[in-house]
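Heads up, the next two complexes both have chain A, just with different partners, chain B and then chain C.
Take a look at the complex of A and B:
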């Protein structure tokens, strides 16, 4: 096993993991503010990819129209996420989190069926960046992978700034820590949860736009994407969006190394084994506080 | 994982609803047509069941199969049915899931009481359904490649496989390997029934053609990055890599190989002989050999090739109805429907008689896919004529020179 092969396994894992991380950060954002695991998160990714596929074809070539198409895609999915929360708010008073989780599951199935009818069952892909690659330490890293990593990094920084350097972020965190206390100082928890859903829609759609050019997208990819994203979020600590991104990279690298160095038969098993190990050793996740989990 | 299971279950019932509604609408439409005509007066119709992966990851092969058998049944009904009796096609979607395929087959047998079953689309689905059709005594015609669905014949009495076997496909690949001078090959297969069948056939047949398997690698049907496997092949110094898998990862194999600048040739089994693959893979496959079926390039077949005329006829019918050229899986499904129709015509709708008909009366049946001869010891019935070696061009495919 030469070094360049290991570098290849790791770099591939980091790239795939970054996308798992973006999806996981969406899970985490919603869970942090509402204690609900939103299983429609994977569908946000699928719709992001498929809508971008349609809009990019519709708007025609050129950088400007591509950027417009992606902007429109993100806006549509964010709107859809807001709509999902509007549906959830219709639940009767006293419904517990589990009811909400079931509703997100139902919405996910409806969205998947709708996507199948609208886009058909074939894999879709579009061109967003030129084909090509650079070689780092003997590992081939495509432009697509570099862009994915760059976007994930920018999003992480942006998310951190939004959460820790703005009034809105402060209100969101206050609401996550103690909704009742936050309400007494004039923060509307429902509004905060709405923002969290919109943020999760944005993260998911972005993930979809990033992976569709290199991996293709089918209407029914949402389940596996949601599972991997959820695993990333749990490994990183469900209440910490940055933990989710790191968790995604961790399971991506474990997958890449596992496939390359041991056996490719167990490709999907590696990340779930990693999940079991983390849950056994550190149930709050790599970056989750014990106190936050207990509440 | 319990969430995943829940997702699947709820998903399947949601789809069932939409499909049963669609079928009701179709039935209403059909009533409207046939109530005004007296062609099929009073007589009970013949019932053919079909189970294909119309949705899900294998939909690229199930969808075209469904279209092709619909074409066959419409054709026979337009010509007055079988001895004045209408043929009713009851279509089910297996959603590329073994459980759904089994449920559909049970429903076709017990509820719809069909005489014969076309499908299911995947080797794994067919394997799971074998005990059900054996118990009910209904012939099943899966358009798959797995050897396990027809062997051992004693336990597969009701299964006849209209699809080209994995052994035939691997045989074509090894033929090509000999011509290309490949001595040491890698095997890259999907970790499902189809992929493993390809691997097993390669293990069995490679030695006889003087080929050594240098390395084996697999990938999950949901794989997103095939570079680790390809890097391992590079360090194993193989002359070529045999790819046996379907769906998105089989496209990614070619894409990732191009990204890595891998010089090792890739050669695919007949799972890639379809337009969905060709469209998705784009430039990355150009110049590489892929095992295909006569129907895909009937224009280039020599005039005396037995499948030239039937392929041309079928391709034109299919094109006229659906506006696209048929895939290999369409041809296989069409052949199975035509054989089922012929069986009903000759022996009626008795399930046992139909089984015996398939075993003893299908002799040199010239189909779109190949020339079928079933026997009590061979439920596969095709020879290597049913496959051709193709080379991918920037537009589509061409026939390998030595096949002409």
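Take a look at the complex of A and C:
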């Protein structure tokens, strides 16, 4: 196997991995603030891709209408994420974390079923990226891949600024560390968790919009995208959204090499095995401290 | 009195739903109904296993269909391609499922959280890839056909009704095994792990092992169901065991009521039979299941079975339970030797830049009450955690008798004889006071259920808790909860009992009772290490006091000497308390002083 082929697998892996990273960052944002693993995270990605497919067709060609369609898609999914949190708030007083996790699972099942009804079972895709590519170290990298990477980078920086340089972000982190203490200084933990869900919806939907033009999207892709995003988040330390993005790239590269050099049938098995290995060897992830495990 | 009688509700009632399954097809005698009910029974085998895992153990598997597939494919492939007997292929599949559960369970269940759920969520997709990859064997998406029917010698189960009755018998056996399992020592441990992993390991329960075993048990049942499915349908294909099947299993269990076996029965029958009867086969199915699951979780989190009022498990009036068993004998430790019971040498614990405990060395002699005092943040609770194994020491050695224990996990130390209570009482909410104490004896594995229970009952009598033996922890007062936790620790027959602030929040009268109890335990030869701020308790019960400040031992000695120590008074007690503290040496004048260090 020559070097350019390996470079090709790696570059493909990095691109798809960046999207896994966005999904993982969404997981990590919600887990950080509420200790809940949101099983509907994968459905946000699917709905982002499918809604963009419909809206782009609806709004017609041209860059401006495409951007409008994507904006509308992101807004709809963010609204849906807020709605999910509103459903969770209906849980009986004293419900434990487990109930919340199960409700996100139930909502995921319903959303998946709903997506199947609305969009059917075929794969959907749309054209978003300009045609063309550059060659780096023998690997052909499409403009689409470059745009995906650039958007992921911009989103990461934006997320960092939002979490570390704004009052809201500081309030959210305070709440993640100690909700009771945050409450005594006037922060509403429920509002912060709501923002975390909306943020995770935004990240997920964006991932869906970015990945659908190159890899296509079907109503039932949510489960496997959730697994990969979760693995990315675990590699990154679960409570660290930026770690999740790095973790996503790691998982993407492993998957790209596995598919290229071994078998594409097992594409989904690689991240599963990676998850087991990471949990066995370094459960706190690459960037998580030991203290995170103690809970 | 045995554990069986203790936790039983009338058996007939429990069995009723299962027996109803036996008559159901007789009521609707056609072939279609017979096949529907056969599938219900096959599903029930899987859901019963999931109930042990999720309902009793609190662990979520979202890919159990894969274990069903393991059984189905083992049977299909081995009987058609290798001419194995179905009776051999079945246990083979179960062994493979157990192994797979072990491989997936160890990394994911070692940790607390939803790692198993997430890992198993991707399970069916991974299986699909593996089946396609190995399509030369597995037939890929077209599956394996021509699986032979089950046969007893030359008697082949040809008639669907024969197969139905055979599966029914299997379900009865599985139900019986599951019912016994959840009442067994293992079942109690599983419930304890579900409720509070730290408390469970302090009682000597190996938390990770318990969870992994429950996962393996559920995987084996799923595989059994898969093998029977393969013989019944005579054909297996990957689509049958996809994500929606695995999710459906969870929906059935949660809707019926996880944590009760008849909840599993109700859920399986309800969710499989009703749609058939209503001829409800719509593309809306997943949406309906998702919404149903959400509604049940939000408004009836314990499922349909949870709507029925929980029957009290009171098997006999509490008054009759005044067992005269002698706890003195049970608690006496033999063969401690002359050396120190517990030895700490140069033990330190560092949290980032903070040294919570700084190269501490001391010994605990057998048969004494030793108190550790010091201002908040002095490292007292950290020290107990280091001895009990909740935290690993950064440096140093800890020995129990001659055995070095500082590298052992908490549950192993509990088994070797380190009993503990927590600063905030940690009892298992779903178990009665008596059961909480029986759990405590779990560490002493040699005891039979009857022995554990006799000791537990005797301990309750001794600590004046016999009257509340059948109450749940939420129904008793703070002092009783403290005592229950102490009884639970004593049931493990500890060589050293570590008590973390047992006096906090107690009235002076209750402190007096606690002192009497500690002194009587000491007379029985139980060694106690007591951390507390309540000086009346410390002065009246301890024979030796250690004073910690900033993780350093600043004084050690007889209580009267220690309270005179200038350093101690400066660091912790304050100057005016000397006379007070000395007065408290006589148990007659027990008072609770202001905690000056606060």
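By definition in this document, the second predicted complex is superposed on the first by the 289 of 295 C-alpha atoms of A that agree within 3 Å, B and C clash if a C-alpha of one lies under 4 Å from a C-alpha of the other, contacts with A are read in each partner's own complex, and residues count from 1 in each chain.
The criterion applied here is as follows: a contact is a pair of C-beta atoms (placed from the backbone, for glycine too) under 8 Å apart; a residue touches a chain by one contact, two chains touch by 3 or more.
These figures come from a predicted structure and were not determined experimentally.
Novice: Given the superposition on chain A, are chain B and chain C in a clash or a fit?
Specialist: clash
Novice: Tell me the contact category for A:271 with respect to chain B and chain C: first, second, both or neither.
Specialist: So A:271 only meets chain C here.
Novice: Tell me the contact category for A:133 with respect to chain B and chain C: first, second, both or neither.
Specialist: A:133 contacts chain B only, not chain C.
Novice: For A:116, decide between first (touching chain B), second (touching chain C), both and neither.
Specialist: In the superposition, A:116 contacts both chain B and chain C.
Novice: Is A:39 contacted by the first partner chain B, the second partner chain C, both or neither?
Specialist: Both partners.
Novice: Does chain B (first) or chain C (second) touch A:103, or do both, or does neither?
Specialist: second
Novice: Of the partners chain B and chain C, which touch A:215 in the superposed model: first, second, both, neither?
Specialist: first
Novice: Examine A:8 and indicate which partner it touches, taking first as chain B and second as chain C; both and neither are also allowed.
Specialist: Touch partner of A:8: chain B, not chain C.
Novice: What is the contact status of A:91 with respect to chain B (first) and chain C (second): first, second, both, or neither?
Specialist: The second partner, chain C, only.
Novice: Based on the superposed arrangement, let me know which partner A:259 touches: chain B (first), chain C (second), both, or neither?
Specialist: First partner only, chain B.
Novice: Show which residues of chain A both chain B and chain C reach, each in its own complex.
Specialist: Touching chain B and chain C on chain A: residues 39, 105-106, 108-110, 112-113, 116, 220, 223-224, 227, 230, 263, 265, 267-268, 272.
Novice: Can you tell me which positions in chain B touch chain A when the two form their complex?
Specialist: By the definition above, chain B touches chain A via 1, 3-4, 6-8, 10-11, 14-15, 18, 54-57, 59-60, 63, 191, 217-220, 222-225, 227-229, 231-232, 235, 248, 251-252, 255, 258-261, 276, 280.
Novice: Contact residues on chain A for chain C in the complex?
Specialist: So the residues of chain A in touch with chain C come to 37, 39, 87, 90-92, 95, 98-99, 101-103, 105-114, 116-117, 220, 223-224, 226-227, 230, 234, 263, 265-269, 271-272, 275-277, 279-280, 283, 293, 295.
Novice: Contact residues on chain C for chain A in the complex?
Specialist: 58, 60, 62, 103-104, 106-108, 110-115, 117-119, 121-123, 125-126, 128-130, 132-133, 243, 247, 250-251, 254, 283-291, 293-294, 297-299, 301
Novice: Give the list of chain A residues in touch with chain B in this complex.
Specialist: 1-2, 4-5, 8-9, 12-13, 15-16, 39, 105-106, 108-110, 112-113, 116, 121-123, 125, 131, 133, 140, 142, 211, 214-216, 218, 220, 223-224, 227, 230, 256, 259-260, 263-265, 267-268, 272
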